[in-house]
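Each of the two complexes below includes chain A, the first together with chain B, the second together with chain C.
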Partner chain A sequence: MIWSIAKKEILENIFSYRFSILTVLLALLMAVAVIVGYGDFLLRLENYEVLRPMPNSPNIIIEPTPMSMFAKGLEANLTRLYEVSILGIEIRQNQQSVNRIFSLFAVPDILFIIKVVLALIAVLFSFDAITHEKEQGTLKLTLSNGIRRSSLVVGKFAGRFVLVFVPFTVLFLLALLTMSLLPSVAVTSSFWWKNLVILLASCVYTLLFTGVGLFVSSIIHRSSTSMVVSLSIWLLFVFIIPNFSTVIAKRLTPVPTSDRIEMETRLNTIQAIYNRIQREKEEPRGMEGVRMIRQLRESTTRITELYRPKMNALMRTTKSLVRISPSGALNVLLTDIANTGLYEEVRAKDAVTQYVERNFNRINELEPGPIELFRYTRASLGEVFSATGYVDVVVILFFATLFIAAAYVRFLIYDPR
Partner chain B sequence: MIEAIDLTKRYEDGLLALDHLNLTIQPGQIYCLLGANGAGKTTTINLFFDFIEPTSGAARINGFDCAKSPLDAKKHAAYVSENVMLYGNFTARQNLAFFTMLAGRKDLKKEDYHMVMRQVGLPERSFEQRVKTFSKGMRQKLGIAIAILKQAPALLLDEPTAGLDPKAAAEFIDLLFRLRGEGKAILMCTHDVFRAKEAADRVGIMKEGILIMERTKEELLHENLEKLYLKYMEVS
Partner chain C sequence: MLWVLVRKELLDNLLNLRFITLCVVAIVLIVSSIVVLTGQYHEELIDYYNRVNTQDAFIDQYGHTNRIGWMSRLFREPSRYQPLVVGIDRDAAQENFLSNPIPVFLSKLDFVAIVSVLMSLVAVLLAHSAITGEREDGILKLMLSSSLPRTTIVLGKFIGGVITLIVPFTLGVLLGLSYIAVAAGVELRSLDYGVFAILLLISYLYMTAFYALGLFFSARSRTSNVAVLKSLFAWVVLVLVLPNISPFLAAQIYRIPSVAKIQRETNKIESDDRDEIIGKRLQQIVQMTFPDFATIRSMTKSDLQKKLDSDPVFRDRYAQFQRAFEELVRDVNTEQRRIADAIRESFENQSHHQELLATVLASLSPLSNFVFAATDAADVGLQSDAEWAAQSGEYDRVLSEYVNQRYAETRQRNPAFDFNDYLDLRGRPRFQFQPPPLAMRLERILVPAGVLAMFNLLFFAGAFLSFLRYDVR
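Our next item is the complex of A and B:
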């Protein structure tokens, strides 16, 4: 019975303009995302090939991941060149100017397509699932039969979900296959696993927004109102809550801007140089240089040590606030899985800091000996999940269950007249 | 068998739409319910299909209480609404197939659908046409076909002849007689006094939720139903 109802929902909609237009739109966006994502990845790879760490060179740069084609996240930050000077770590702003111009016409990645477009399509396919039948009068005729309301609502839910998720899955797998076949994309087993998890997350996410539409459809009696209300919820989850969260997080945990840190560092340098000139008169040369460097390093370390916990606190606050919305949680989860998220950012910075800690003296020729080659492997799926990912999964599952259960319960007492 | 026992409905806004209705329709009987707009006819039918809950009293179909075991009750009753609306994107046969599936019948073939559509007088060329293009009367006929295919022992019809042309209406009455011959209990709400007199074994007139008059077919042989109706409508 449930399957027959689902089948009817599918047949009723599959030849509609709504279905063809939205599916074509999705396909176009996916194609653009793959092309642009790959182009960006190649650029970063080229950059990396030029600057990659060589024996005895202090170049610190992280290898680009092909997963950034799915969620670009902070990949542009992550793959910048870190340079070590006597002042500590400096980040080179290489090639950024070119990319910045293009960010004016920001092109969606697959994460954006899932988070925004897939959710929108799910809502557009479910907001009228019940109201439309009521308006056209078929709900009464349907319910005049001895079928359970629960079967009807589950069948409707299943049908609308399939209409959205099956085309998406086909397009996603096509995109995945295309990317895996492209030259310079190193495909490992973790590439497949991570994408499988992304697909699973999208599945739950589609269930969630189908639930949102169905729920609204079961509390409201007119399709036009139902559309406005469900789109408002979509807007709230996808844009309003995540954007407000980041603003509020910044207010709650103020962090000195990088400019200020830069300035303080400069002031320190000047101070050090001044001190050096002062003392040059008394002490013999040679020793003085070493002492100056040590001093400088101590003061910059002090500044960054003040800065980093605050930055980490900001990230934590942002993450927790963003998770008030399931779309925010999805954003965190998918960027973390793709190794381009906040988790990776902190992890990579730690790795770089530790590397510099170990090699500082040798890089600055304060101490003889070979410089260690910088190596960095990104977090595995398991690590991401046990560190932060499970929270996002719980959040998304919670919202999905909430809306689906609410839709189900509401429909049992829905007035079909 | 269709039964109403002290069936009462007071809407949330306080309006008493149905006041202690008592009614029994035996298998093989046609009961016509007349009444002005807003008299409570649709309310009565809605109570039988559990679309609304009774304030007190009970509606029963084949002994099943429509509020307490609605699924069983609804399995035994077929419904034709005031204004039959169907899935516009589906053809007549697809609509028929979907609703008979809901009614629990699965063994039907294309020919069975065609046969019942012929029976209700739908033109042959419309069988595989999308319902979007149907006129109101054609939809009404298809609605009746859906009710027939359900093969339920009780039939509740809310103004089924509204929108039918005179020939189709006459054919519809013949169809009702055939269904009565098959032993179905039929409740028909209507404004059509002539059809009511022609078809009904019993006629009831409802006013402001109260059944104010009932006549059998025999009694009506000596009375003019239209005059009777107008007389009852005037008295307040």
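Our next item is the complex of A and C:
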């Protein structure tokens, strides 16, 4: 019985205006995301080839990952050039910081499509699942035919879900295939696994927002009201909670501004240089140069030890607050899977710090010996999951179960008149 | 007659539960974001003063001629309008190894974000059934049969809808602003009222554009269901797609060289190459003009002082040598800076062109024009950097003039004094940024606000013409 209801839902909608317009929208956006994402990735790759350090060079640069086409996250920052000198680690400007429009608007990657547009489409497909039939009067007729309410609601849910998710899967696989065939994208087995997990996560996410629409549809009796309420929940999850939580997290765990860090580092440096020159005037052939480097190193280490824990605390708070919304959790999860997220940022910076610690003396010629070449491999899928990913999965699953169960229970006591 | 229709629209909307819900949500959001961001503004302001004082104290204690530009970096005061318009987040530039990555990860929810995403959606949702809904209910037929001109109906719908949208929104904003003025204790000046008025006006323009867009699709559809889909499609494209892809498209169309490579090149020219050239030329000077000075480098400062005091001929020759050396350093510095500046300038030109292209592409969406206008009115947008650069550059010039003069005076008294020695700079001029006046801000937003007005005209004309031949049956 469930399947015949699901079939009816699909057949009823597949030739509708709604299905065609929303699928066209999705296809359009996917195409844009692939083109834009690939072009962006190529620019980063080009930059990487130009700046790639030669052996025995203290420069550090992380290779761009093709997964950034799916979720760009912090990739533009991760793949910058880090230069090590007596002043510590200096970062060269990010290629995109010269065009300030980048920092005004969001990134149109596949994560954005899933998080915002796929959720919107799922809501738009399910908000009238029950109210529409009620307004038409067919709900009464269907129920008088001896169909169990549970089969009806499950059938409707399955039908609407398929209408959203099947076109998405087709488009996603097409995008994936296109990307894997493009030159300069190195396809490894982990590329496929990561994308499989992204597809699975979007499946649960679609279920969740179909559940939201169905739930609202089962508590409200008019389609037009149901639409507004579902869209409000969508807005709340997708925009309001994640973006508001960054502001609140910053209030809860204050961190120094980048201007402050810059000033403290700069003044320490000037003071060390000044002291060295003054002392050398009294005693020209001393060890003042070495002493200055040590002093600088000490002060940068002090600043790092003071501020990095604060930054990490802010990241933790933001993550927890963002996870109040399933869209926020999806954002964290997908960027982490794509190795462009907050987890990777901390991991890469740890690797850079450790590398500098091991090689600082050799880079600044305080001790002889070759400088080791910086190598970095991004986190594997298993590592991401055991470190932070499981929390996001639990959050998304929790919300999905919550809304689907609520819709189910609510429909059992729904008044079809 | 028009006013009767407007009143009917108003009452229809205001008594409608979904509209009331959305308005309450919008007002609560606007007020709470203002409250939270005001707290953050206060914190940043304290940090700003703290930084300025620390740096001033440092210059008082360690000031010397050689690194004066490096030690007196000017800080930008946190924008007074930050509770409303965060603008281009400077933390997002991630200039430091320790920078906070969150702003890159997720954007902030300020007044601009709420208006651009939430209020435009509210406007579209309010307008989509304005015409189709009445047709479905059969009211439209009745209205037209009572010989009401179509022009009056569509105008009444537009005006009524816009008023319903604007009044609760304005109330929410005024509530938030009064929090800033009264509870948060930010002292408001006349300029601030002007900026707030501009922000309100461009928000109106932006919301009415989306209301007209919804009306347009309503007039082009038979049923509300179809109208809402069309409107949402357009909304997604205009709000979520066009602005976001514009910088990426611009970066593809107009390529610029690697910024890290340029930085590396100019750094080399200004430090490594410079030191090398100075070293070589100094050797030449020493060999040709002052062969006996090769030994000075190994003397301690006190020995040198003793010799200077005891031997007036040496003293003169030493002063001459110092002058020659300083001239050399100045010349080489100027020359190397000229070369590096040329490279930087050509790069800046290129990146400016890319940015301009991105701006033009983004301007195809009302959202971008609204964001450009709001950020520029609050002086945290694309055009704010130029004014800052002009004023801070002028201050840097004044300061370096002052330092040079002080240096010359001190040198006169003590020839052994050099540019690495402590120089008392406590009497230096201090920097105070003069925020751009209202007239300048108005001039800046002329283009984006004009484009917003054009969108209004375009969408409304579309709605108007479509309604004139709308089949009301």
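The rule is simple: the second predicted complex is superposed on the first by the 399 of 417 C-alpha atoms of A that agree within 3 Å, B and C clash if a C-alpha of one lies under 4 Å from a C-alpha of the other, contacts with A are read in each partner's own complex, and residues count from 1 in each chain.
Simple rule for what comes next: contacts are C-beta pairs under 8 Å (C-beta built on N, C-alpha and C of every residue); 3 or more make two chains touch, one makes a residue touch a chain.
What you see is a predicted model; the values in this text were computed from it and never measured.
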>> Under the stated touch criterion, name the partner, chain B or chain C, that contacts more residues in chain A.
In response: C
> Where does A:R417 make contact in the superposed view: on chain B (first), on chain C (second), on both, or on neither?
Replying inline: first
>> By the touch definition at the top of the document, which applies to A:I21: first (chain B), second (chain C), both, or neither?
In response: second
>> So in the superposed three-chain picture, is A:V187 touching just chain B, just chain C, both, or none of them (first/second/both/neither)?
In response: neither
>> Quick one: is A:L200 in contact with chain B, with chain C, with both, or with neither? Answer first, second, both or neither.
In response: neither
> Does the superposition put A:I147 against chain B (first), chain C (second), both, or neither?
Replying inline: first
> What residues on chain A does chain C touch that chain B touches too?
Replying inline: none
>> So in the complex, the part of chain A that touches chain B is made up of which residues?
In response: 4, 8, 11-12, 15-16, 136-138, 140-148, 415-417
> Can you name the residues of chain B that touch chain A in the complex?
Replying inline: 46, 49-52, 70-75, 77-79, 81, 83-90, 94, 98-99, 101-104, 143, 146, 150
> Inside the complex, what are the residues of chain C that reach chain A?
Replying inline: 17-18, 21-22, 25, 29, 32-33, 36-37, 39-40, 43-44, 47-48, 51, 54-55, 58, 62, 64, 67, 70-71, 73, 75, 88-109, 113, 117-118, 121, 125, 129, 224-226, 228-230, 232-233, 236-237, 240-241, 243-252, 256, 258-261, 263-264, 297-302, 351, 354-355, 358-359, 362, 368, 371, 375, 382, 420-421
>> So in the complex, the part of chain A that touches chain C is made up of which residues?
In response: 17-18, 21-22, 25, 29, 32, 36, 39-40, 43, 46-47, 50-51, 73-74, 76-77, 80-82, 88-108, 112, 116-117, 120, 124, 223-225, 227-229, 231-232, 235, 239-240, 242-251, 254-263, 265-267, 270-271, 273-274, 277-278, 281-285, 303-304, 307-308, 311, 314-315, 318, 322, 328, 331, 335, 341-342, 345, 349, 352
